[in-house]
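Next come two complexes, and both contain chain A; in the first it sits with chain B, in the second with chain C.
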Partner chain A sequence: MSEPAATPSAPAPAAPADPVTALAARKLRAALGAAVLEVVETGRHPYVRVAPGAIVAAATLVRDDPELAMDCCHLVTGVDWPAKTPADGPGELEVVYHLVSYARRPAAEVLRSKVKSDNFLALKVRVPRDKPEVPSVMGVWVGADWHERETWDLLGVRFTGRPPLRRILLPEDWPGHPLRKDWEYPVEYHGIPIIPPEGR
Partner chain B sequence: MSGSEPVPAVPAVPGVVAPATPPVVDASELSSLVGQSLRTEELVVNMGPQHPSTHGVLRVVIKTDGEVVTALQPHIGNLHRCAEKIGESLPYYQWLPYVDRMDYLAAINNEHGACLAIERLGGIVVPERAEYVRLILAEVQRVASHIFAMGVYGLDIGAITPFLHTFRERERGLDLLDHIAGGRLLYHVVRIGGVKRDLSPEWIDECHAFLDAVERRLPEYNALLLDNHIFQERTCGIGVITGKQAVAWGVTGPALRASGVDWDCRRDAPYGIYDRFPFEVPVAPSGLAGTVGDCFHRHWVRFKEVEQSISIVRRALRALPPGEIMAKLPKTFKPPKGEVFVRVENPRGELAYYAVSEGAEKPWRMRCRGPSFSNIAVVTEIAPGTLIADLVALMGSLDIVLGEVDR
Partner chain C sequence: MSPSADDLYDPELQQSVLLTKVEWVKDWGRRNALWPMAFGLACCAMEMMATAATKYDLDRFGSGVFRASPRQSDLMIVAGTVTHKMAPRVRRLYDQMPDPKYAIAMGACVIGGGPYSRFGYHVVQGVDLVIPVDIYVPGCPPRPEALIDAIRKLQERIRVRGGKSLPPEDHLKNRERILAMSAS
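Moving on, here comes the complex of A and B:
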């Protein structure tokens, strides 16, 4: 056992930019302008962050653009980022869209490189925690339906402009959204006592 | 014979109630009913949560018009075990046993994906031999899972014999994994940084024998299912998912390839050492019986994948290098701040992990995409218009595991 805790170095700054993310960022900037808030092209998880109001426009663009052709919404994830101190405001909820293109074929040199895949794109949206409303992308990718319902169920992100959000994994009367960092275990559920992990 | 003869009275027997005589209908009353339509209504039927064809606990509320399904709504969540909540409440390595329990028919593949995600997060390099062992175990698991799925599908649509045949070989595969890991279904053998146990020469011989046995039996399964006229009648042209629908709904795995989309994560976005073992990805051709994207093609893709997996395992066993099976790991594993997204090809489709680290011992967020979750969602679009019996055929052919749908 080697110590101290090996903290392997983060990717070098000279790491090559992810070609798909770079292309998408260029096209999104041209179409949406200031609504593109953040672009990370290098590293292990490149992504493009857009304003919540622009997510449907961004989604439609990356789906319909023949060079990007992101025809599948692979996964929708919510991540809770509460404020470190109360003075920092309410904190934020992040929604990450992992998109895949089946129309794009991976080039041979991409498969031989370390990237291994070039048909993948991540979009991000950040909304305030006290008003977590994100326009739904269900009209763009119908498969996002259940993923959005799950994100509502577990994190309480309200997706607007879609059929009513219902819980999908938890019972309808479950209190709160358990993957929020400040969620507290209820004392009991229909007479069944709940013992939080710390008390076991 | 005239109807006007008096009916002989039934002699009263103590304790026996005489059957009620049917009311005599006047012919003139009947004529008033002629020309009127019968009252019909849609019926809402609950299929499940306990139903032999739901492969677990799935409740599907079906609206039916006679035998035809007009709308349906799957209600999932009965098996929800908070995998993601547990994932962010435990140190990284303690989560791995929970991963096994998501798709309990392909535990090795689940562990493989989770370990890849955590290793990429922490920058851990896995020894060469461990990569081979992982690949071999994952493909043996895929063979076991696929032949089980083939047999169970027969059971779903009324053929009991193939199930008994495939179960026999599947148990041999599970015995192999049992010898390595000490458990029949839930292994916890793929660990962060490598694998827990090494393959012995005896195990390798046993594995070759298993692969030979499965290969010998495949024509037998085919004679029972794919070449069976009754099976073809039940599956050809039933539950057709077009390539466009499959992509839009996020269907992955054999169901996606059965719809004619040529994509396999192992070949097109390779992880581990899959890029060293080129193999043929079976994609539904249009020359088969039925329509591309129907239940028959999904079954066919699964059968073809078994052949490919057998070939991969054989080549990997021959090329197995000597060496370590576990990387040197720090005592406390704290990956640096960052996030990764990893997807692997599970027997049921693409399993993906999205992990966010804040530099602590526990992850900030552990997200898991179960392939069955998206695969079952497509049923809401495909099923309306089919018969109830075909709905069973459709859901069986998607080969869902509810443990993974609900996580």
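Moving on, here comes the complex of A and C:
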């Protein structure tokens, strides 16, 4: 009995596209058009990136659409993308919205397949680092309140159209936003000295 | 020359009288009834609770009476990561304890910031920058045996050196050392 010859030149099977992201991207493109800036449907973390001004419209759409029904804002996080050289401009801050649908349970065949789940969706927004203003999605999911406060606390993303941002994790008088890549360690804080990283 | 039992003439008295110093008796009481404060900051507190529970039974050493108030405690076991937000509270609780008082730094975070020391922005790099520390217990977290050992060492220290607590400004020498380090 002969084994079929191994074919090393055979193309790798295409990575499975995330069905929810594909569906959401189609619907968001139909509704928002050019405000949908980037769609990544494969990989470990598929997402849809929209323009900052369109985030509230996009959030409302994926919440109210009966096929998507993203009824829960699981998490709002941020990523700092500083410019590699000063000529590249101020750099960008990214806000990631991790959404989950509790109304739609994942189908059994989806749970068995390579796709992790079909009820998660990630939306992303990028804003310039020197003017990091993103419209708040508190009007869509009120639970985004503390997540937005945390993103502001640690990365300094200013969310607009919401109750005033207050620090949530750090002390009220903490200097700056420490998860920014260019954040400087203070020499001491309330009389307690801080050894800078190069001296540790 | 201090009087000894041999100076007592009456053999009856030798059977029934013990000569000692008041300070020695006070230290004997202090070291055998170290009352810790019920106060945990992070995961090390789990091991501290295990130490106080039945299996390791801190009560054997007179230290199982965890008090809910700093006014009734004479031992502060700092168990868990001390953040910059928490440090003023730790200092206030220490200041509220009556003298003589002792502090045990339990775990890597409390000794020097632990895994957060190098790149963490929010963790105090050693609680001895905030309060005077008598005994350091390494580990992440330390086993209950290690905490028991620390309490035994503190008792030994009280027995040998007397029960006076460290001066309240003892932590300032660490502060000066670190400020000199970051200036150089």
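The rule is short, and it goes like this: the second predicted complex is superposed on the first by the 185 of 200 C-alpha atoms of A that agree within 3 Å, B and C clash if a C-alpha of one lies under 4 Å from a C-alpha of the other, contacts with A are read in each partner's own complex, and residues count from 1 in each chain.
Throughout what follows, a residue touches a chain if its C-beta (ideal position, glycine included) is under 8 Å from a C-beta of that chain, and two chains touch if they have at least 3 such contacts.
Being a predicted model, the structure only gives us computed values, none of them experimental.
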Which partner reaches more residues of chain A (counting touched residues only), chain B or chain C: B
First, second, both or neither for A:170, with chain B first and chain C second: both
First (chain B), second (chain C), both or neither touched by A:26: neither
First, second, both or neither for A:131, with chain B first and chain C second: neither
Which of chain B and chain C A:45 touches, first, second, both or neither: first
First (chain B), second (chain C), both or neither touched by A:185: second
Touched partner set for A:195, first chain B, second chain C, both or neither: second
Shared chain A surface residues [contacts with chain B and with chain C]: 170-171, 178, 197
Complex interface listing, chain A residues touching chain C: 170-171, 174, 178, 183, 185, 187-197, 199-200
Chain A-touching residues of chain B, taken from the complex the two chains share: 76-77, 80, 82, 84-85, 88-89, 120-124, 247-251, 261, 263, 268-271, 275, 328-336, 338-341, 343, 350, 352, 354, 356, 364-365, 367, 369, 373-374, 377-378, 381, 406-407
Chain B-touching residues of chain A, taken from the complex the two chains share: 1-10, 43-45, 71-75, 77, 79-80, 96, 98, 102, 105-106, 111-112, 116-117, 119-120, 122, 141-143, 145-146, 154, 167-171, 178-179, 197
Touch list for chain C against partner chain A, complex: 84-85, 87-88, 117-119, 121-122, 124-125, 129-130, 175, 178-179, 181-182
